[in-house]
């Protein structure tokens, strides 16, 4: 009890004298946990990228020995030539690492942890210790997944969607321990996400600073809140499915075994019931952070704050009733296909509202193209392409043709790379000073941005074309098909672009590490932003505030007519402002 | 820090803060967590329903494989432990620590006995040849399958769903017993619960009632229908 | 290498390509509006010292307009798509006179069973050919799809037809080839390490050619 009272009164803001291990390793401080997530998931981002590079080598230069591939064992790539069984491991693990261990923890693990208490004005999460366990179960899951790359039979090889019976039967997939480790790891990831979501939801509901009403929350917090609800309700379904898959693998149960009455489509329903909310888990936080950055970079209030909030809520709600659009050609009842098509098309509406409101925010602004703003603008431009290409798949007859082709690969990468990753590059640079007290290099940030923007489009746009030609996904060598042979030069072009794209990311990594030690010291509020986090010194201290500030207005009061500067922070009291009703009495 | 913790009402939301849901953090957190648990059990139960009604042929009548009487007693025991949990909660609301300790202990015992009986049930079932993968060859149940008393086609699914659902429920009961025991020794026995602050009892109580509710659903669909 | 959809090979290709083009026009307009708007704003409203942004929180009328336009477009698109969807995949879409062929997929081959001279599946004169699908032009074909082991997917790009093949399920798909020629049938669902080479030839014959092939193949099968 005393700890709660102490937290509530800001005791932790005093000098922090905990031992190193409690401070930086088994820390319960939301900012340290966020930073831990950042380092670990950036590492997994790199791993996922390396796997993708090997795939691109095989697709661009099939059957040729891969440079440096000689270090791989005979079972993967004898003489550096990638084997089909290794290729499908690459496909599977690239998807798995990017979705579960890079994008999701980068968006949610890092920024929900780091931003929520700072932006709503509280000392820490509602349950700091549970928060710590959320990180460590993620870490354990990552280790298990990483280890599965090195087991004798190789890693899981049924695609990141793990369709049964291929994933459940070792005699059909050719992998055993790797498949089982995949299931175990996903169960742990689910646990981590549930523990995290539990914290984010409780914290946002209960621990907002005085005056921080629901409609004064920054859109980043709103989107993280809806994301947490999606994670809380979707991940247990995935965990349940992964547990059944694991039992099928190790206990010979028959959930997904058609020979004994199990159902193969059941897995797909369970997986996509989780999987579609998951797609929004992977984009909503990006949308929220981009909203913050665009308002800041435009020096203008966000256009249509309320409809932005309702759009987030609508996307979060509709996300639950669209999962069947992944299964139009799966053999599911076609009438269900019709209803899933309608709900899927409807979800385009809130997405369109968001895009137009971002543009409305930039309209008549005073745009400052800092590195975060560049990335956020690219997010809007690229998300539009990813969103629009989704409409092709939502229309069931067209989906019948482009389903499981490179068209869908292009789509997912326009949303997850063009969308989520650009937003993340922006967010990392934007909140870097509050995390580490230093700025990342502006010049190298811009170099990285422009090169990424170019090579990214060169990599993923041509995939629309090969997809339209009917090139199937997950093919080790598309040249097996005569109608795909003419596209080999295009595949080669994609591969070379992909290598350059990967090389460009090294600039970002170097910039990130170099700035940690040598970056320019950050001011308290380098972007002249309005959020509560900028009332703190950089880096933000343990416990955040001695006494949390009162909140007087919404987060997007830029270029306010009554303010001298072109920004008016939420915590600054104008003479006309009244103290929030929930604020503690003056005696405190 | 200068404020004495005693003056803060722990059953209220953390302070200072904008009004939230008017409940303290742990209770809110437990509600949120239970929402997640609902989805977890919904996935398991939904799977059971889909597999059972889509199964190739009849489902085994529960009485042949499972001992319904023993489990009915076990169900009764778990419901009783929910009642004793309410008693413990009511006692501490009245400020009666002694009674609260007694009823909490009863709840722990009820839960522990439930798990014990379930373990006994499992060992007995395995002995008779009922496995998560179906029926063991050469066992007592295998003979019943050969006679046609038990349907061969669905015994695999029966075993898979039975052990997964009841097993995960048993795991939840075990977790509940462990956390109640922990609270009993660290909070209830030293007298840390008061009429003003009984958050632990209330929170673990919510969990316990949820676990009980899940069991009533499982008992109905697995043992009775 | 051409930068467009594959040549049309079945009756589905017309409506599906039409729908594709319609969506291309809709999304193309949206794309041009958004991207050119963005570029225009970036140039026109780039930051200059001493300038202050226009202070506004939004405009309800504008927001209603850009909510309504996508909503109406999407509903219309849904209605049109559903019309074709029911024709292509609906429960009762298979024409009653469709020519039946059974396809059994297994890691990593296609076993195509033909009804033989009597035109009926499940009779004694059925015969099976590996990795070759022969069909007559201008006649609806219904394929009865089954799988030995894992999920496969029946995909002929020129026919614009795709259907997953799920073990434990009997799934039918139909199409009507319109142009005689040779095509490729591919597996489009990851089915194991040999997924990439799970390929079959598709021969669309004229009616006479097909009859001749059927006669010869049935004879070879009985020997």
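A, B and C are the chain letters, set down in written order, and residue numbers restart from 1 in every chain.
FYI, contacts are C-beta pairs under 8 Å (C-beta built on N, C-alpha and C of every residue); 3 or more make two chains touch, one makes a residue touch a chain.
None of these values were measured; they are calculated from a predicted model.
Farthest from chain B, judged by the mean position of CA atoms in each chain, is C. The largest tally of C-beta contacts between two chains is found for A-C. Averaged C-alpha coordinates put the centre of chain A at 34 Å from the centre of chain B. For the pair chain B and chain C, the distance between C-alpha centroids works out to 48 Å.
For the pair chain A and chain C, the distance between C-alpha centroids works out to 31 Å. Shown for chain B are the residues that touch two or more other chains, of which there are none.
Counting partners per residue, chain C has no residue that reaches two or more other chains.
Annotation for chain A: residues 262-263 touch two or more other chains. Considering their complex, residues 1-2, 4-11, 14, 122, 126-127, 130, 194, 197-199, 201-202, 205-213, 232-237, 239-241, 243-244, 247-248, 251-255, 257, 260-263, 266, 270, 548, 551, 580, 582-584, 588 of chain A touch chain B. Residues 1-3, 5, 8, 10, 13-21, 23-26, 28-29, 32-33, 35-37, 39-40, 42-44, 47, 50-51, 54-57, 132-134, 153-154, 156-157, 159-161, 163-164, 168, 192, 197 of chain B are the ones that touch chain A when the two sit in their complex. Interface residues of chain C facing chain A in the complex, by the touch rule stated above, are 1-6, 12, 15-16, 19-20, 23, 26-27, 30-31, 34-35, 37-38, 41-42, 45-48, 51-59, 62-63, 66-67, 70-71, 74-75, 77-78, 81-82, 84-86, 88-91, 107, 149-151, 153, 155, 157, 160-169, 171, 183-184, 186-197, 199. In the complex of the two chains, the chain A residues touching chain C come out as 84-85, 88, 91, 157-159, 163-166, 169, 172-174, 258-259, 262-265, 298-301, 303-307, 329-331, 333-335, 337-338, 341-342, 345-346, 348-349, 352-353, 355-357, 359-360, 362-369, 377, 380-381, 384-385, 388-389, 391-392, 395-398, 400-401, 403-405, 465, 468-470, 472-478, 480-483, 486-487, 489-490, 558-561, 566.
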